[in-house]
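Here come two complexes built around chain A, the first alongside chain B, the second alongside chain C.
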Partner chain A sequence: MKHFYKLATVLLSASALLAAPACADQPEQYIPVLSYRVGPFAANGASMFSGLIDYLNLTNAKGGINGVRITFEECETEYNTSRGVECYERLKDRQGGASVIETGSTGIAYALLDRLPQDKLPMTTMGYGRADAADGRVFPWVFPLISTYWSQAAAMVEYMAQQSGGMDRLKGKTIVDLYHDSAYGKESFPVLDHYAKEIGFNLIKIAIPAPGIEQQAQWLQIRQAKPDYVILWGFGVMNAAAMKAAARVGYPREKMIGSWWAGSEVDTVPAGDAAKGYLSMTFTAPGSFPVLEDIKGTLYDRGKGNLSGDAKFGSVSHVRGIVIGILMTEAIRAAQQKYGIGRPVTAEQVRWGYEHLVLDEKRLGEIGALGLIPPMKTSCADHEGSGAAMVQEWDGTNFIPKSKGWVAGDRALVRKLAEQSAAQYAADKNITPRDCGKED
Partner chain B sequence: MFYRLSGQFRTSYYEDNRLIGEKLERTVFIATMLVASIAIPLVASPYLLSAVLIPFLIFSLAALGLNILTGFAGQVSFGSAAFMAIGAFASFNLLLRVPAIPSLLAFLLGGMCASAIGVLFGLPSLRIRGFYLAASTLATQFFIVWCLSKVGWFTNYAASGVITVQHVAPLGFALDNHVSKYLFVLVVVTTLTVVASNLMRSNIGRSWMSIRDMDVAAEVIGINPLYAKLTAFAVSAFYCGIAGALYSYAYVSTVEPDGFSLDLSFKILFMIIIGGLGSILGSFIGAAFIVLLPIWLNVFFSAMEHFSGLKAPSGITSNVELIIFGGIIIVFLVVEPHGLARLWQRAKEKLQIWPLSH
Partner chain C sequence: MAFFVEVLVGGLLAGVMYGLVALGFVLIYKASGVFNFAQGAMVFLGALTATGLEQQGVPLWLAIAMTAIFTVVLAILIERLILKPLLAQPPISLFMATLGLAFVIEGLAQAVWGNNARALDLGIPDVPLEWLLDSTGVGVSTFDLVASIIALALIGVLSAFFSLTKTGRALRAVADDTKAALSVGIPLERVLIIVWSAAGLVALVAGLLWGARNGVQYSLTLVALKAFPVLIIGGFSSIPGAFAGGLIIGASEKLADVYIGPMIGGGIESWFPYVLALLFLLVRPEGLFGDRIIRRV
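And then the complex of A and B:
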């Protein structure tokens, strides 16, 4: 019993300490980090959230955002919706209130969708989530930044057209969409279907039930179809299995284009030699950039890096996390420029910042990320900002850029689809879309 | 000294038939309900209500549902999450497609859909039992989740398969804030718990228990195993279905097939194993253990980090929490294989004679 009291005292005083307001001289801006470092997707999650924390630490090491220090607190979600909601509720009001949420999980992001307007808190969903949230009139609090699933699918078709020598050359070609048999796997359908009809290529959709270790039947089908390209809209262990199966039936990996969730070291390394030449989409360019060098020099060389092993430094997932951090700090910076430089801003003001992000080549150059992400500009109506992606190739040890710069598909088409879907959502949920002409 | 049973005489059938026979227990129960329904909504923070108590109550209901089937009727099942999914999806589709349907009715019908499917998938239990039946309920789990993500109609053709649910107002009681959601969940869970406790004392509950204890003997004394087993599946699936609808409408406000995975089924099974098979209280204790302990560990460790100023390498605390959680489960199962409810039972027996030892 004695021990119990001791423990209770420690716990109580610890929580009291947590609840006490931070009494630092420096103004602070708080960001909750809902990470998953254990559970089924820990391999990607650990690197990604380390990347985010690394960038926030780098920003602090350089004096914060115009002198405003970033504080953050981590909470383990295990990629589980229930735990994610709990973390959100626990952290959102700490330290003067959260600025922005990024969960890295579709399930959690959807569960928070209804809570955001009540809490007046913006959420970014980078590379996942609702593609129609790009329509900021219906989704004022959600930001599927850089590129959505639909933009990705359009960019894939664009890349294939570029390789074939023009969109009209795709006519009559055969493209297989080998997809993870889940809602995620079907995200590309509206866009691919539209292109297939418009251009006139033969689209064969082949499902792979999760987890997708066994793919012999599907690859037999692919061998018979002799496709010009295979889109691999996969997830998890299915990706490496697909590369190995392709090698077995002799399908060239150079003709396989993975989605970005099938395009990190976690997917290619287990496939070994079979992955060589494999292509995948990405919204962060591979390679070395000044901002990465900066993180290495400022944090990792001094033993302050957040990754548990340096081997994962600069991996696709790690860089994705860094980019999330870049966009967070840039949104806060933009908000400060409107509402007061050097002062903490509210979450509502951060949302304004996300709607007025201007990351042109000049600004990207200043933060050492020129070429790391496509130049982007958001607005009240456009919460995506870019819509471009890059094709990268696995050379056996590293990813290297394959496409010439950034590739974007038919932006008008993607936008039209997003607006249609968003309008449907607004009708279902009785939401009156904002009038962006009246917003400042 | 305080917990005394002596001097309590039951002098009428009404008194003898009471749900909670002992006076002290009745007082404690009423006090708990008063605290839960009046004090907690008044003083608890939104965090406590929406992120701790609501999921705790909902999972307790799901655990109770599985406990009816596994703990009381002796049929092991891995399909609880699937039945939750049916309840959630059926309620969603009813509210979407049937004009002006009252939401309470939609939840009830959602539970009944789960019930119907439960009976269907309960049919194998007539021929197989034990681990073999458990394996066949796995089929339920996989088939339902596969079917819900495969057939677009169920998700109303949502692109990502995750649907945001409608805003509902059962009996004019809008579920739009933490307090109203909590109170609604509390009322539903309390009602169903009282119904379940009564069921266990009734003809049907006793037939379940006799099937559990020895099905051949039960058949000999005139219990129809077909009827007993299938009603157990039906009632259990109904409870899980309602829990699923509550989970979607009062907690996460989304419905997604992947949210009701095998993982969740296992979690619910662990709840009743740790809480106590064949105990209604055990369902609640088990849910508290599985839902609240990881959260508490997480809070504790982040507080410790803050307190000590030491920063553990990233990811270490997350893993340590899991290790401790697993360790505690093993310790409890070694100390009391019959679950935490049995521990409470023993404590109660000790309390009744305290401070004497015999």
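And then the complex of A and C:
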């Protein structure tokens, strides 16, 4: 019941926040929040969207973006594509028009893909969605920021090579790709297939049909194959079930590397002791950072945090939401630098901002996020900006960094794959790619 | 050979766990002819309530006992608020009511206890039995073995209850012909409360065992998916059928995934049981142990 009251309190607070008039002359920038706090993926969604709102509230508490206050409105999608599209249509024109969309859902993001150019609205897909959208010439309105699935797969192989003593030492080794039997689960195939052929390791792909609550047969096959590493490209309950099953057949968790959607507390906590030592990729580093302390001091210590309890503060999903907020505000800030400081910018101008993000160590330090994400720089052609990821380890209570800093795979390879796929998409959809040389 | 045996044994043990979930469906269908779509939600609710209470500082054994009492209270509420008003309605109305009930239970459970994924430690190690592994090369999890024993004991107790006790016979009479049972004075309300309570308790046990296996989270509602082919094969109204169906599904899906899966691209574990169930439907629609369908023509 405690959660029910807290949920009600949060909703009332949020309503009050939205209803509260801003200073009469303070300009505003509107961001719709298509969240999912109920339904099958609520455990991740609630924390992630709270993180986003926390950062937006922190920005407002500090006077907004050069004096421009952020307003936002939530719409519950339940991770359901049709509801997500409904939310998008309902909110996109409110309060002078949306600045940017972030759905946190592959299905909804795919469904909106064709609407974005018509609405001239940028959409970020941080850590999910089409990897080839990194090619901004073909996908001018989509931003798979920081790292795509293909960059993640390349970084995984790079990490395994580092652990083995070099890329050539992977030759002859056996790597199992235990994947969610869905389009998402197969995202790594082009990259892993390429590396397997080029380096000469034995890649065994084993599918886990959704939801993946029972994996005994697959793990017996894995034990028989005696792999050097197991990649866990999983989702939902499949992840905890995989760690439990690995323990059951005695496979070391230290040799399991999960994708970043198999790398949050929602995946490790239910697995209990079986998760200890488990590795996963992440595009946000674990640990304490000044921006988190700032949010805690400014919001949570004053009872203004968006999470329903402090327990999830700083969790992987919460931090991902904070990073989405950081990138949103930085894109708006960049747009203001070009189109007018202290004035609201249009969605098209926000897109310009996303294409000119420069989050180097200096800027990351200024916003208290140095080390939290890899340094990144976007452009008209490159909507990814980094391509690096980190390997983290579950120590039984928390995630801790495992790799020495950020790991990036063969970026040239990933870019080549993205360009090939984007070109095919452009041909299929009759899209003429932008000439980035002519963009300002 | 050891590998084959390991896959087979693992499948059989998993099958007992499927049978446990199917048992909840059977109990309600047996007594009221209603396919309870909310059974998966009840599995989730049971585990979530027990772990939720534990997180509030209640010892696990007491949390389980309190959840069991809550389950009985819930059964009374369901009988009073949903089943009783719909008693004279066609079975499809009752089925639709359980469909709605599933969503209500899932939503309310998360509103009250939160949506955090939780670990549940019943104190049973989930690692292979070392002596068996060392001597035969076959790995069997201690947890799977204990869970199977618990499930089998539950199936045995419920079978005995239905066949040996007066209340059990009353339940069967209601299932056979509700109006005739009422005419001879069998209290239908009490029967429904008993059967929903029993199904709730079975759901609690299933929730605790599956929750300890994969964690307590929303996906526990999905274990019901594993019960459907078990019910088709074992029969909707047979307790031993749930057990037998579970064994058949568990063993066959594992063997198929290992030996047939690689030939057709893998990942067949989710739909292979339904192929088997469809074949059974064609040959024996009432299932292996279900009441034989006899129609006067």
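Structural remarks
Throughout what follows, the second predicted complex is superposed on the first by the 417 of 440 C-alpha atoms of A that agree within 3 Å, B and C clash if a C-alpha of one lies under 4 Å from a C-alpha of the other, contacts with A are read in each partner's own complex, and residues count from 1 in each chain.
The working rule: contacts are C-beta pairs under 8 Å (C-beta built on N, C-alpha and C of every residue); 3 or more make two chains touch, one makes a residue touch a chain.
Keep in mind the model is a prediction, meaning the values are calculated, not measured.
Placing chain B and chain C on a common chain A by superposition gives a fit, with no clash between them. By the document's definition of touching, of the two partners only chain C reaches A:249; chain B does not. In the superposed model, A:85 makes contact with chain B only, not with chain C. Within the superposed three-chain model, A:74 lies in touch with chain B and out of touch with chain C [touch as defined at top]. By the touch criterion defined above, A:421 lies against chain B but remains apart from chain C after alignment on the C-alpha atoms of chain A.
In the overlay built on the shared chain, the residue A:38 is in contact with chain B and with chain C. When both complexes are overlaid on chain A, the residue A:110 reaches chain B alone and has no touch with chain C. Looking at the shared chain after the overlay, A:236 reaches chain C, while chain B stays out of its contact range.
When the two complexes are overlaid on their common chain A, residue A:93 makes contact with chain B while staying clear of chain C. When the two structures are aligned on the shared chain, A:132 is found in touch with chain B, with no touch to chain C. The minimum CA-CA separation between chain B and chain C in the overlaid arrangement is 6 Å, rounded to the whole angstrom.
Looking at chain A, you'll find residues 37-38, 42, 46, 181, 209, 308 touch chain B in one structure and chain C in the other. Against chain B, the residues of chain A that register as touching in their complex are 10-11, 13-15, 17-18, 37-38, 42, 46, 49-50, 53, 73-76, 78, 81-83, 85-86, 88-90, 93, 106-107, 110-111, 113-115, 129-132, 181-184, 186-187, 190, 209, 306-308, 421, 425, 428-429. Every residue of chain B that touches chain A in the complex is listed here, in rising order: 46-47, 50-52, 55, 146, 149-150, 155, 158-162, 164, 166-167, 251-254, 256-259, 291, 294-295, 298-300, 302-304, 306-307, 313-319, 321-322. Chain C contributes residues 3, 6-7, 10-11, 14, 107, 110-121, 126-128, 139, 141, 143-144, 210, 213-219, 222-223, 225-226, 253-255, 257-258, 261, 265-271 to its touches with chain A in the complex. Listed in rising order, the residues of chain A touching chain C in the complex are 1, 3-4, 7, 37-40, 42-43, 46, 181, 205-211, 213-214, 216-218, 220-221, 223-224, 236-237, 240-241, 244, 247-250, 265-267, 269-272, 274, 308-309, 311-312.
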